[in-house]
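For reference, the structure discussed in these notes is given below.
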Amino acid sequence: MKKILVIDPIVKLEFQKMVKEYLAAFEKPDLEIEIATVEKGPSSIETFFDESFALPEILRIVDENKDRVDAIVVNCFADPAVHAARDLVKIPVVGPAEASVSIALLLGQKFGIISTLRNSGPWSEMQVRTMGCPDRLAGAAGIDIPVLELNSDPVKTADRLAQAALHLIRDKGAEVIVLGCTGMAKVSQILRQKLEVPVVEPLSAAISMAEVLIRLNLSHSKTGLYLAPNPSSIKGYYWNGKEK
Amino acid sequence: MKKILVIDPIVKLEFQKMVKEYLAAFEKPDLEIEIATVEKGPSSIETFFDESFALPEILRIVDENKDRVDAIVVNCFADPAVHAARDLVKIPVVGPAEASVSIALLLGQKFGIISTLRNSGPWSEMQVRTMGCPDRLAGAAGIDIPVLELNSDPVKTADRLAQAALHLIRDKGAEVIVLGCTGMAKVSQILRQKLEVPVVEPLSAAISMAEVLIRLNLSHSKTGLYLAPNPSSIKGYYWNGKEK
Amino acid sequence: MKKILVIDPIVKLEFQKMVKEYLAAFEKPDLEIEIATVEKGPSSIETFFDESFALPEILRIVDENKDRVDAIVVNCFADPAVHAARDLVKIPVVGPAEASVSIALLLGQKFGIISTLRNSGPWSEMQVRTMGCPDRLAGAAGIDIPVLELNSDPVKTADRLAQAALHLIRDKGAEVIVLGCTGMAKVSQILRQKLEVPVVEPLSAAISMAEVLIRLNLSHSKTGLYLAPNPSSIKGYYWNGKEK
Amino acid sequence: MKKILVIDPIVKLEFQKMVKEYLAAFEKPDLEIEIATVEKGPSSIETFFDESFALPEILRIVDENKDRVDAIVVNCFADPAVHAARDLVKIPVVGPAEASVSIALLLGQKFGIISTLRNSGPWSEMQVRTMGCPDRLAGAAGIDIPVLELNSDPVKTADRLAQAALHLIRDKGAEVIVLGCTGMAKVSQILRQKLEVPVVEPLSAAISMAEVLIRLNLSHSKTGLYLAPNPSSIKGYYWNGKEK
Amino acid sequence: MKKILVIDPIVKLEFQKMVKEYLAAFEKPDLEIEIATVEKGPSSIETFFDESFALPEILRIVDENKDRVDAIVVNCFADPAVHAARDLVKIPVVGPAEASVSIALLLGQKFGIISTLRNSGPWSEMQVRTMGCPDRLAGAAGIDIPVLELNSDPVKTADRLAQAALHLIRDKGAEVIVLGCTGMAKVSQILRQKLEVPVVEPLSAAISMAEVLIRLNLSHSKTGLYLAPNPSSIKGYYWNGKEK
Amino acid sequence: MKKILVIDPIVKLEFQKMVKEYLAAFEKPDLEIEIATVEKGPSSIETFFDESFALPEILRIVDENKDRVDAIVVNCFADPAVHAARDLVKIPVVGPAEASVSIALLLGQKFGIISTLRNSGPWSEMQVRTMGCPDRLAGAAGIDIPVLELNSDPVKTADRLAQAALHLIRDKGAEVIVLGCTGMAKVSQILRQKLEVPVVEPLSAAISMAEVLIRLNLSHSKTGLYLAPNPSSIKGYYWNGKEK
């Protein structure tokens, strides 16, 4: 039995319930998916500012679970603490943005990313530049609906997503649509019926890539970008004086 | 029960046997892996020339199986006929090179590719440029052992691979090693013991990414790069006069 | 007297006649242009699928003529078998896409590519990425007329081309137009009268670059990307058991 | 009188003293430089993990000072919280890495980055990719001395830096050296005497770019990548329930 | 007291007067800004042709002043003679285009450049490609007003600039506007009131970056791209027979 | 009868004689090659500084000949005045660097450039970045022999070139060598015997590409990067008061 731990980096517990239902479909006889939620931090992650307050708690949860699960997924398209968690642990840590791009690259020449507020477009462009494949990105845009309202009116959300997707498809050459927020999991099902292109939902993408890494017995390299930290040197957090 | 068809694009049946054994470990209660082999074509694929003669047969096998399997993997790092097969079918078609790069992107800042003859280095560089992520590639090199001799002396092969890997790791900044030939599946196990970086074996990478696409109900976009062909217009091959 | 062999990779003989007339103007007292046509293969090359069936015959023709001509041009913008032919022979092998891009780079800051069906746009983008100069490409688009109908109504074709060109010029910054199909040779003459930017016709571009390579006594390097193959190992084709 | 606030993101007060002395030389009759230090967080920032624990406190200090200073510099080459602070405030926020690259671009064709531990090389490469100018980077490397030991034996540190610099200059084509750690401020003076290329010290680079932005009355755009956050939604930190 | 020499590369003296007034605001108790004007050369620089005739005189002025000033700024967005002057002298030489891009990189994800005639758009794109950060450029465009008419009707000019800026902001994703002509210094003040994004004025950007380099005691590397020339070998110009 | 005018941008007449002999072999019954030499300017072009003094005279010669020749080649790898001449005239203007790169792109995966002094390496890298194909460049280096001494000891020069070439081939992956100076025309013949890779000699490359453009009736676009200048506005040069 393998276990993937999904960490919700926002303090809204209603969100966790929705995630649980969605992920139930991804469990298997030999794969259990657990969810943990930060106790402090942002209500949603829509800015770099929000993201900053999610990191310490994500890393605490990673540390507490690193010896009992087989892989970790952080449930937010900003991939918060993904690099930091890779410093800390040897098991695979997967972010939804990286996972979605890895999958989108197999599905067509160019992909577009649709997300929530208007800053999410440039943010996604920056993420893709960091990942090193900007020539595969057709464009990125927000739909001006905040994360926590995405599911209030799913039909409206899906309409807006479809409209933004069609702009990226017709005017920018997108052949694949990546949803730039893991809060769009449910709405993605409505959206798929409106579009004739593949739609990558990032939470399921991350779970799937985590499974791949478990199956292939692969994890991130610790010889270059990632380095085991010294948690005992962190002052004023859970780590206070803990040996690494 | 889902089925993945692996197509061996070379006429050597002994190769098929080895592939079968290797892939047995990837079968699951709900996943069957079948293997088919071209009847005409190259003995190995080590040049663009060799690859050219593999395509018609790969596509024949794709056509004959497209309605009874859930995904197709072409068992060669040149990803032969992968784009062409995507024109032909709606089910996912996965190439080992694309799949390996998708996975390597999650494992470190830069990856290196090691393959067989000396032309494989530049060839891999070209593949990665086509995929649009050249800034993530540390380098690529061959080990001067032809495909069909890779398994004659596995210890020697693993030694050469380790040597080439260490050059890419120490001098070029590779943090992840991608094997650039699906004939290295067995040898990869020896190699892993010699290196402290993750080693991506491309056939298992392709199988895994095919599973991901099946699971996520995703396939390539048919709105951009790929277009349903008209097989009846092909003269002198299996397709002669067949309606699409 | 130098000879360039132009290989038509499609089985339509009427196409060969048109090519012959067009190329007559490129012959010189010391330059003869011959045309050969595949006997099996596609009726036109509009998909990766089509292209796959052209390769074995192109390579047969290359092999049969390699000792009696000075350079080879493959008459299709997909540059089919160009890399494979370079593995096989030492004389220059030129593809219309590569040749057109080489020329377009001298004519302005950015070029656009116009081709036939809608998939040709993304395909050309991928070709340019492979060639390593994506920042010079303004955009690429198809005009939704299949290859074999391009010359049925040349005025209509030229109108559509002009319309697509103007979009690339006005909205995307193209300063040079590259025609993305060698079947547009005749129509290009009408198009040139409609546009004030340079129009690169790919067949003439390829012939010209082949002449340049002959004149400069240059051919592709055999030390890196290209490697002499072993044709005797190909089973079931013209090459059956032939020594290289 | 203009004020720049330098935020030390590590809890070591001895570090603050050194910074104060170094920055004294950058004060002017009309420019005051203040230093603030986080009260919780890492002892040094050498991993993504370390960086994560610096962010909440940096942002608290930014918030407390945003109305009384004219620009903010975060004193670490990881540029921690720089994007997040830009979400929060309208005054310029400058990171040493971004500032150093901006200056290095004016000094030669290619620059190299030298930093502390071995992971800092790939980290810097990733930063430069995010900044969008990877073709200007010759290479990046660490010298295997942790931040807190850089000043224990300045001569040894300068020797190691010189050695790493010479490798980047001779073998990789670096014409300019960027120091990849703001803890190298003092040592940079020794290093400059050993090298004939310009050496960019990142803390002074950041102070200088902050002055430029103040002088030109420029600050980051709030129409794209950056968006004013809602601090009241952050639970469990200084922000608890604060209105934005 | 430090001195920056601004070289006007055009023979219009009325332009010099305007520059003098504009730069007065950038002087400081310890910073003097001098202006020198070419005696031969173009009336404005709007083409590569114009630029060519500015170079010999710029270099003469650089040579005559190189021992009495601390930095040199060439007052034109084409950055004329900037590389050549760096060959000649050891003090910093700053071009407005390079300086503006260095600053724009700190202000948002993507910047746009607006300049004078229609060729200035592609020219700026080429400049940014040379600088190595094309992925940060949203787009570039001219407003069809020649340099010498920019200030005839400042309101009209500002209107046109605003219109071009809004196109780059709304349709291309620009978050920062760089003015692509140093003749827009005055008009930039009107423009700033019309736009909610930061506007980088290139002459002030160049002065500021020159100050930074003076302050940091940095100048261009003479170990790579730049090489001390041998002026005595230049025939028929001011340099005739002068020893270097 | 077509005419190509080759402009020597340096005042050394002995150089012209050598060029004449070399180019004789490129004349044809229907192609005449003329040579003109600047009367003022540099003795050789080895720095940006040198190049600056070549431009006015090159442009004078272009203007005086623009109606009587069919294409212009500027005989220097710095491509001096090539963009400026394209502003001025409608006939094709070809630079040896651009032409060499266009040809090298057809010959292998990566090319290397070898030139004269040590600054020529970074300069060539910058040129290739401007051309937009940096991923095809393996590396560039000088051999520390000034232009005017290249032919003093051709065997020594060829030895040094071979040594530099072998470094680029073995350690950097170059498959094609481009000579980065048109003064290496004669020596290139010796070099070719020492290397098994194609060697592109830039003057012959430029002549050949000029012929291609004449033959195809193509010239640079005047709708984007290039704009007809107003020579009458140039003060103090040949152009003084001339109407365009």
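All chains are identified by letter, namely A, B, C, D, E and F, in their written order; residue positions are counted from 1 within each chain.
Heads up, the rule we're going with is that a contact is a pair of C-beta atoms (placed from the backbone, for glycine too) under 8 Å apart; a residue touches a chain by one contact, two chains touch by 3 or more.
These figures come from a predicted structure and were not determined experimentally.
S.K.: Could you name all chains that are in contact with chain B and with chain F at the same time?
M.R.: Where chain B and chain F share a partner, that partner set is C, D.
S.K.: Return the chain whose centre of C-alpha atoms lies at maximal distance from the corresponding centre of chain B.
M.R.: The chain farthest from chain B, judged by C-alpha centres, is E.
S.K.: Which chain's centre, taken as the mean of its Cα atoms, is farthest from the centre of chain F?
M.R.: Between chain F and the rest, the longest centre separation is with A.
S.K.: If I compare contact pairs by residue number, which of B-D, E-F or D-E overlaps with B-F on over half of them?
M.R.: The pair repeating the interface of B-F is B-D.
S.K.: For chain B and chain C, let me know how many angstrom lie between their CA-based centres, rounded off.
M.R.: Chain B and chain C have C-alpha centres separated by 28 Å.
S.K.: Measuring centre to centre with CA averages, how many angstrom lie between chain C and chain D?
M.R.: About 51 Å separates the centre of chain C from that of chain D.
S.K.: Which chain E residues touch at least two other chains?
M.R.: Expected reply: 108-110, 121-123, 126, 129, 132, 134-135, 173, 175, 224-226.
S.K.: With chains as vertices joined when they touch, what's the shape: line, ring, star, complete or other?
M.R.: Graph shape, chains as nodes and touching pairs as edges: none of the named types, so other.
S.K.: Following the definition at the start, I'd like every touching pair of chains, please.
M.R.: A-B, A-C, A-D, A-E, B-C, B-D, B-F, C-E, C-F, D-E, D-F, E-F
S.K.: Which residues, counting only chain E, touch chain D once they are in their complex?
M.R.: Interface residues on chain E, with respect to chain D: 26, 29, 92, 94, 98-99, 101-103, 105-110, 131-136, 169, 173, 175-176, 196-198, 200-201, 204-205, 208-209, 211-213, 215-216, 218-226.
S.K.: Which positions of chain A touch chain D when the two form their complex?
M.R.: Against chain D, the touching part of chain A is residues 11, 39-44, 46-53, 55-56, 59, 81, 83-88, 117-119, 121-123, 126, 129-130, 132, 224-229, 231, 233-237, 239.
S.K.: Enumerate the contact residues on chain F facing chain B in the complex.
M.R.: 108-110, 135, 173, 175
S.K.: Taking the complex as given, what residues does chain C use to touch chain A?
M.R.: For this pair, the touching residues of chain C are 121-123, 125-126, 129, 134.
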